[in-house]
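Have a look at these structures, which come just after this line.
Each of the next two complexes has chain A plus one other chain: chain B in the first, chain C in the second.
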Partner chain A sequence: MGITTPNGFNLDNSGKRIVVDPVTRIEGHMRCEVNVDDQGIIRNAVSTGTMWRGLEVILKGRDPRDAWAFTERICGVCTGTHALTSVRAVEDALGITIPDNANSIRNIMQLNLQIHDHVVHFYHLHALDWVNPVNALRADPKATSELQQAVSPNHPLSSPGYFRDVQNRLKAFVESGQLGLFKNGYWDNPAYLLPPEADLMATTHYLEALDLQKEIVKIHTIFGGKNPHPNWLVGGVPCPINVHSTGAVGAINMERLNLVSSIIDKCIEFNRNVYLPDVVAIGGFYKNWLYGGGLSGKSVLAYGDIPENANDFSPAQLHLPRGAIINGNLNEVHDVDQRDPEQIQEFVDHSWYEYAEAGKGLHPWDGETKPKYELGPNAKGSRTNIEQLDEAAKYSWIKAPRWKGNAMEVGPLARYVVGYASGHEDIKNQVDGLLGTMKLPLTAIFSTLGRTAARALESEYCGRLQKHFFDKLVQNIKNGDESTANVTKWDPSTWPKEAKGVGATEAPRGALGHWVRIKDGRIENYQCVVPTTWNGSPRDTAGNIGAFEASLMDTKMERPEEPVEILRTLHSFDPCLACSTHVMSPEGQEMARVKVR
Partner chain B sequence: MSEIETFYEVMRRQGITRRSFMKYCSLTASALGLGPAFVPKIAHAMETKPRTPVVWVNGLECTCCSESFIRGAHPLAKDVVLSMISLDYQHTLMAAAGHHAEAALEETLEKYKGNYILAVEGNPPLNEDGMFCIVGGKPFVEQLRHAAAGAKAIISWGACASYGCVQAAAPNPTRATPVHKVITDKPIIKVPGCPPIAEVMTGVITYMLTFDRLPELDRQGRPAMFYGQRIHDKCYRRPHFDAGQFVEAWDDENARKGYCLYKMGCKGPTTYNACSTVRWNEGTSFPIQSGHGCIGCSEDGFWDQGSFYDRLTNIKQFGIEANADTIGMGAAGAVGGAVAVHAAISALKRAQKKNQDKVEG
Partner chain C sequence: MTDRVLILGIGNLLWADEGFGVRCVEAMAQSYALPEGVTLLDGGTQGLYLLPFLEAADALIVFDAIDYGLPPGTMKIVRDDEVPAFMGAKKMSLHQTGFQDVIATATLMGYRPAKMVLIGCQPVELEDFGGGLRPAVAARIPQALEIARATLADWGITVTEGRSRAEGLAQAPLLRDAYEAGRPSEDDACRIGDARFFPQVP
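Moving on, here comes the complex of A and B:
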C-alpha cells in the first residue's frame, strides 16, 4: 500500500522485502530493510541503528572536565571531534575563554580529522562500492599508467612498472584463494562500471591511502599525544609551547612544528594529486548514476565550525558555514540556534525509547531517555531473532531529531549546500569548478555522488585551512604569545552553582552538538545529538522519513539480492552508529529517565 | 590447512624480494624486543607456517581499535592484510554486507575450525536479552559465542573487550561485559588500551604467527612483553619526578620545561603499558610527551577511579628515589583497590625476568 510522507516521499511496502544486516564498512552496527518493486526499484526504506551504549547516563555525576574523554570514546573513527564538542560545551557553560594558540591548534586538529576521515572513508569504506579490485587484474599496466598521468600529471607514482607490481601482488592475493576482506564481494555485479585500468588505479590508491592515513594523524599525536583518541583540555590545549628555551624537547618546539608543517603539505598534496582526481575520474564513469539525493535538495543543516578567532562563533567568522535550508529553497539560509527550545527537538515514536508525554519533541537540554525495546505487531521473527522490522512501530536505537519539525540531512554535502547558498566564496568556486569540469548542472550535487564529491572538495579545502591556521599559530608565537591554556577557572570552586552550555562542531559526518548542565561542580545532565542521529533517524511522529531512508528511495537495483546500490548510498553518508544512539537505563530497573527539567 | 601458502611463499609471489623479506623479519624481531639472533628463527617460521585466518567481530565499541590497527607502521597494515593473515571477517573493512558477510564468516568458521584466531573488538551487552547490540537480527553475544567455539585462541582488543571500557563505566547501563566473562573455555589474550598501540596489536599477532604459541601473559592475561612495566618506569620525565620537579598548573613555566605531570593527575605510575617505550604513531609521541597526563586507559576500570586530574594519593610521600614496587603498590591500592597488587607485581617481575633470560640466552 502506498502513502506519501509529509516530506514528500511516496512509500510502498508491498514489494519484496530485502534485509541488509549487518551493513558493513561503517562505524558501528546498522541494519537496513527495503521493499523493491518488480522492476527492482526501491519503494520503501527502513534504517535501523542496532546498538546502544548509554554514555550520557554514565556521564551523570562526573567531573565536567573529564567529559571530553568519555565522549571522545563515542567514536574512534571521528576521534577527537566529540572531545572538542565537549570542551566547548563545558567552556560555554562556565564562561571559559581559550587563548588564540589553543584556537589555532584545535582547528588544526579538527581539520586534520576531517581530512583523515574523508580519505579513509573514500578509499577504505566507500571505494569498493564503485571500484572492483578483482577486475583490476585484467588491466594493462601501461594503459593504467597513461590513465594515471592523464588524470593527475603531478602524482609521482605512475609508472607502468609500479602498476604492474601492484597488480602482481593483487593477483597473488586473489590466486591464494583466501580473499580475506574481498571475500563474497559483488564482483560480477553489472553495477560496477569502471574499466580494468581505472579499477587498478583506484585499487592502487586504496593501498597508497592506507599508508598515508597513518601519517596524516601524526598531527594529533604531536598535539594530543596519540591517535586514535588524543588528549584535550578544558580551557585550551594540553601541549605547552616552548620554541626558545631550556626544556623545549618536552613541548611544541621547532622540530615539532616542522613535523606538523610537513604533514600538512602531505595532506594538501594527496588531496590534489590523488583524492580529488580519483573522485573526478571515477565519478566520470558513474555520472549517469544520479540516485540518492534524498533530503539533500530539500532540507539540510550545518552548525558551522573552524572559528577564525578564538571564542567567536558568529557565522561570519566560521570557515565551515552555519545555516539551515528547508523546502529546497536555496534562496533563504536560516540561522541556527542550538539554545532555542523550538528549533532542535528529538522524537521517539519510532525509536526504542519512550517519553512521559507521547508524541512530543524534546529539546536536548530537556531530553528524556527511557529505553523501550519492543517490536511492532507486523515484525517477523522474534525479539532476539529479528527477520523483518515493523516500521509502523518502534524500530531503531536512534532517536529522530528534527529542526523546526523538519527531517534534515547533515554532513559534507549539507555544509556545501549551505555554503553555496550563502555565497561562501571558497565553496562556491570549488563546486562551480568541479561541475564545470564534469559538465554537470548544479542539481547533480543532490545525489549519492554529490555527497562523495562534496567530501573530497571539503578535504581539499580543509587542507588549505590547516595551513592557514599553522601559519597563524607560527605568527602568533613570533609575536611573543606562547600561551595555550586559560586556567583561571580550572578550579571547580570558581564555578557557579549551576550552569548550562552548548558545544557545537562540524564532525566529518555533519553537525554535532553536546548539551550539558552542571550543578555543584558535577554533570547533572549530558545530551549529544550527533550527525548520524540526524541522517540515520527513523520516522518521526508526523511520519517524515530520515535522510538515509529518503536517499534510498526510487533507486534501481541491478540485482536486488546484492545490495551494491544500497551500500553505495548509505556509505555516501559515512554512517557512524556508535555515535548515533542514546542514553539508557541500568538493568531495566533504574530506568533512569534521564531527566532534566 | 595444507593448501594454505606460507607467508614467505605469498610474499615472494607478491613480488617481495628475499632481501625485503629478511628486513621485514628483523623489523619484526626488534618490534618484539628480540635480538638479531632471532631473525633467522622468524624467517624460518615465516617460510614454513601457513597463513592463519583471522575472524574479527565487533560488539559495543567505538571502532578505535580497528582505526589503531590500520595505523600500524611495522608491519604496515596492508602487508598484514595482504600477506600475513587472512582477515576473513571484519565489519569495518570487508567488501560484503548482510547475509553475504555472514556467509563469509560461516565458511571460515567451518573450514578452519580449531585453526583460526578470533579477534574481538568491543564487548557484548547482556541486558535487554543482548539486544543493545544486534548483528544480523540477533544479539551480538550469540555471534561471539558461535565464533569462539572453534577458535584456536581469542584476542581481546582494547579496553572494551578486555575490561568493559567506557560503556561498562558506572552504572554500566547495558551490562557491557568483557569477553573473558562470557567465553571461559578458550585461551584469551587481553590487549588493553583505548585503543592499544598499533604496533602492540600487530606485535601480538606476529608473535603468535611466528612462534606458534601464545605470548607469555601476566596474571591479568596481558602479554608481558608489552604490559610488563608501568609507563612511569620508562617515562623520559621520570628524572623530574625523582627530582621533585612538577608541573603545577597547565601551561605554567614547568609545563614548558617538560617537568613531571604527576601533580596534574598523571596515571603513569599505576598504568602498565608500552606508551613510554614504543610510543604512538610510529614513535611520534605519547600522551605525557604532549603535555597531558596518562589517563590510565589500559587499566581495568580506569573510568571509575575518580577524575583524570585527581592526583594519585600516597605517591608523593615516598619521595624521590623510592622503590618502584612500593610506589606502584601504594598508588594502585589508593586508586583502584586493585586486588593482590603485591602478588601481581611479583608475578610480573618473574615474567619479565624470564623474558630477559630468554633473550639473553
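Moving on, here comes the complex of A and C:
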C-alpha cells in the first residue's frame, strides 16, 4: 500500500524487504532496510542509526577550553573539524575574537582536511562502488597507458611499464592471500561497467592517493604541533610564528612554511591531474546511472565556512557558501541562522527519545536527550535482535533535525547546489565546465554521481583556496604581524556567569554545528548536530523522509541480494559511523551483511 | 639492534576498554625513560593517518584491545606475520578502517615494519561511551608494559625506569586520571537505553 510523504516521495512497503547491516565490533551503528518491487526497484527506504552517542553528557561539567580535545575523539576521520567547531562555539559564547593569522591557519587546516577526506573517501571507499580491482588484473598495461594519456595528458605517471609494475604488485599481493578486498566484493555483479584498463588506471591511482595522503597530513603536524590529534586553542591557534630566527621549538619558521607550500602544490596537482580526470573518466561510463538524487534537487542546507577575514561570518565573506534551498526552488537561497530557535529543530517522533512535549521540535540550545527505546508493533525480532524495523514507530537513535520543518541534505553536493544557485563564481564555473565536458544537463548533478563529482570539484577548489590563505598568511607575516592567539579572555574570571554560543563549520561530510551553554566557567550543556544526523535522519513528525532514505528511492537493483546500488548511494554521502571498530581480530570479516526477507 | 621503533597505542579512549592501547602508551611514558629512536604514539582511531608513522619505523609494538574470543582481561601476544592484516571489503563507511587495514595497506605499499609485536588484551566492556577502563583490563597495563620492555630488550634496546617525552600522547584533559575523574554520574549521563548496548536495562 502506498503513501506520499509531504516532501514528495511515494512509499510502498509491500515488496520484498532487504536489510543491509554493517558488521562492526559494536554491532550496528547504521543500517538500512528497503522494500523492492518485483522489478527490483526500491519503493520504500528506512535508514537507522542503531547507536546512541551522547557526547553531550560526557562534556557536562568540563572546562569549555578543553571541549575541543574531547570532540576530536568522536571520530577518527574528521578530528580537526570537530575541534574547530568546538573552539568556534566557545569563542562565540565568550565573545572572543581571533587574529588574522589564526583565521588563515585554521582555514588552511580545514581546507586540508577537506582535501584529505575527499581524496581518501573516493579512492579508499567509494571507487570500489564503480571500479572493479579484480578486473584490473586482466587489463592491458599499454591500453591503460593510452587511456591515462587521453584523460590526463599532464600526469607524469602514465607509461605502459608503470602500469605493468603496478599490476604485478597487485598480483603478488593477491597471491599472498592477504587481500580480502579482492575476495569479498560483488565483483561479478553486472552493475560494474568499466573496461579493464579503466579499472587498472583507477586502482593505480588508489596507490598514488595513499602516497599523497601521507604528505597532506603533515600540514596538521606543522600547525597543530602534532598529528594525529593536533592541538587547537580557544582564541586562535597554538603555534607561535617566528620567521626571524630559529625560534622556539615548534614555532612556524620559513622552512616550515616552505614545506606547507610544497604540500599545497602537491594537492593542487593531484586534484587536477588525477582525481578530477578520474571522476570524469569513470563518470563517463556511468552516465546513464543517474539514481540517488534524493533530496539534493529539493532541499539542501549549508552553514558556509572559510571566512576570508577573521571573525566575519557574513555570507558574502565565506568561500564555502551558506544558505538553504527548499522545494527545489533554485531561484531563492534562504539565509541560515543557527541561533534562531525557529530554524534548526530536532524532532524525535521516530527516534528513540522522548521530549516533555510530544511532536514538538527543539532547538539544540534547548536540546533534550532522554532515551526511550521501544519497537513498533510491526517490527520483527526482539529488542536485542531486531530483524526488521517498524518505520511507522520509533526506529533510530538518530534524531531528525529539520530546517524550518524541512528534511535537508548536507555535504559537498548541498554546498555546490547552494553555491550554484547563489551565483558563486568559482562553483558555477566548475559545475558548468564539468557538465559541458560530460555533455550532461544541470539536472544530472542531482544524483549519486553528482555527489561524487561535487566532492571532486570541491577538492580542486579547496586546493586553490589553501594557496590563497597561505599567500595571505605569508603576506601578513611579512607585514610584521606574528600574532596567532588572543588570550585576553583566557582566564575564566573574565567570563560572564552564564553564556551560550554556537560554532558552525562545513565538515567534509556537510554542515556541522556545536551548541554550548557555559555556566560558572563550566560546560552546562553541549549539543552536536553532525552531518550524518541530517543525512541519516529518520522520518519526522510530518512524515518527511531523510536524505539517505530519499536517495535510495526508485533505484533499480540488478541483484537485490547484492546491494551494490545501495552501498554506492550511501557511500556517496561519506557517512559517519562511530570509530570504535579498531579492535584487532584474527580473521578477516565482511563489513556488511545482507538479508533478504 | 633495531634503529627506529614505534610504540603505538590504538583505540578510542571514549569507549571504555577500547582505550586500553592508548592508556598503555600513556603509562609507558610515565614509567620508562626511552632512548632516542623509540617513539611513543597515541594513534587513536586514526586508520590511514598512521601510515607515515609505520613507514618511518623498522619495528613496531602495538597495544590494542583485541578480540580473540578469550576470557575478558586475558592478554594475547601476536608477532610478525601473525599480526592480522587484511582489507575489509563491503565497508559501509570509511570509519570502518581498522588497524588491520592499515597493516595490509602498509604491506601493499612496501613499508610494513620488519618486526611487529601486538600486545593485546581482551576487553571486558566496550559499550560504555565516555567510560574508562574496567578494573580487570586496567590491571593488565603493568604486564603489558613489561612485555614491551622485554621485546625492546630482545631488539637490543635497554630502557630504564623514569619518564619519557610524550608529544605524541593525548592532551592533558584526556589523560586517564583527568578523563575518568571528570565523568558525570550514570544518571546525569543517561547511560541507559538501547538494550543491545546497555544490557542492564530489563
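Keep in mind that, in the parts below, the second predicted complex is superposed on the first by the 561 of 597 C-alpha atoms of A that agree within 3 Å, B and C clash if a C-alpha of one lies under 4 Å from a C-alpha of the other, contacts with A are read in each partner's own complex, and residues count from 1 in each chain.
The rule is short, and it goes like this: contacts are C-beta pairs under 8 Å (C-beta built on N, C-alpha and C of every residue); 3 or more make two chains touch, one makes a residue touch a chain.
All values reported here derive from a predicted model rather than from experimental measurement.
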item	value
Touching partner for A:Val417 - first (chain B), second (chain C), both, neither	neither
First, second, both or neither for A:Leu137, with chain B first and chain C second	neither
Contacts of A:Val279 with chain B and chain C, given as first, second, both or neither	neither
Partner chain in contact with A:Val119 - chain B first, chain C second, else both or neither	neither
Touched partner set for A:Leu94, first chain B, second chain C, both or neither	neither
First, second, both or neither for A:His229, with chain B first and chain C second	both
Touched partner set for A:Cys462, first chain B, second chain C, both or neither	neither
Chain B versus chain C as contact partner of A:Gln213, first or second or both or neither	both
First (chain B), second (chain C), both or neither touched by A:Phe70	both
Partner with the higher number of touched chain A residues, chain C or chain B	B
Overlap of the chain B and chain C footprints on chain A, listed as residue numbers	20, 22, 24-29, 50-55, 57-58, 62-63, 66, 69-70, 73-77, 79, 120, 124-125, 128, 169, 173, 178, 180-181, 183-186, 207, 210-211, 213-214, 217-218, 225-229, 231, 371, 373, 383-384, 397, 567, 578, 583-588, 590, 592
For the chain A and chain B complex, residues of the former touching the latter	19-29, 31, 50-55, 57-58, 62-63, 65-66, 69-70, 73-77, 79, 120, 124-125, 128, 165, 168-169, 172-173, 175-178, 180-186, 207, 210-211, 213-214, 217-218, 220-231, 233, 235-242, 245-251, 259, 371, 373, 381, 383-387, 397, 482-485, 487, 490, 562-563, 567, 578, 583-588, 590, 592
Chain A partner contacts - residues on chain C that touch it in the complex	10-15, 18, 42-52, 55, 64-68, 78, 83-100, 104-105, 107-109, 118, 120, 123, 126-127, 129-130, 167-168, 170-171, 173-174, 182-184, 188-197, 201
Contact set on chain B toward chain A in their complex	3-5, 10, 13-15, 51, 53, 58, 60-68, 70-73, 76-78, 81-82, 85-88, 90-104, 107, 125, 127-140, 142, 165-167, 169-176, 194-195, 198, 237, 249-251, 255-259, 275, 280-282, 284-292, 295, 297, 303, 307-309
Chain C contact footprint on chain A (complex, rising order)	20, 22, 24-30, 50-55, 57-58, 60-63, 66, 69-70, 73-77, 79, 120-121, 124-125, 128, 169, 173, 178-181, 183-186, 207, 210-211, 213-214, 217-218, 225-229, 231, 352, 369-371, 373, 383-384, 397, 567, 570-571, 574-592
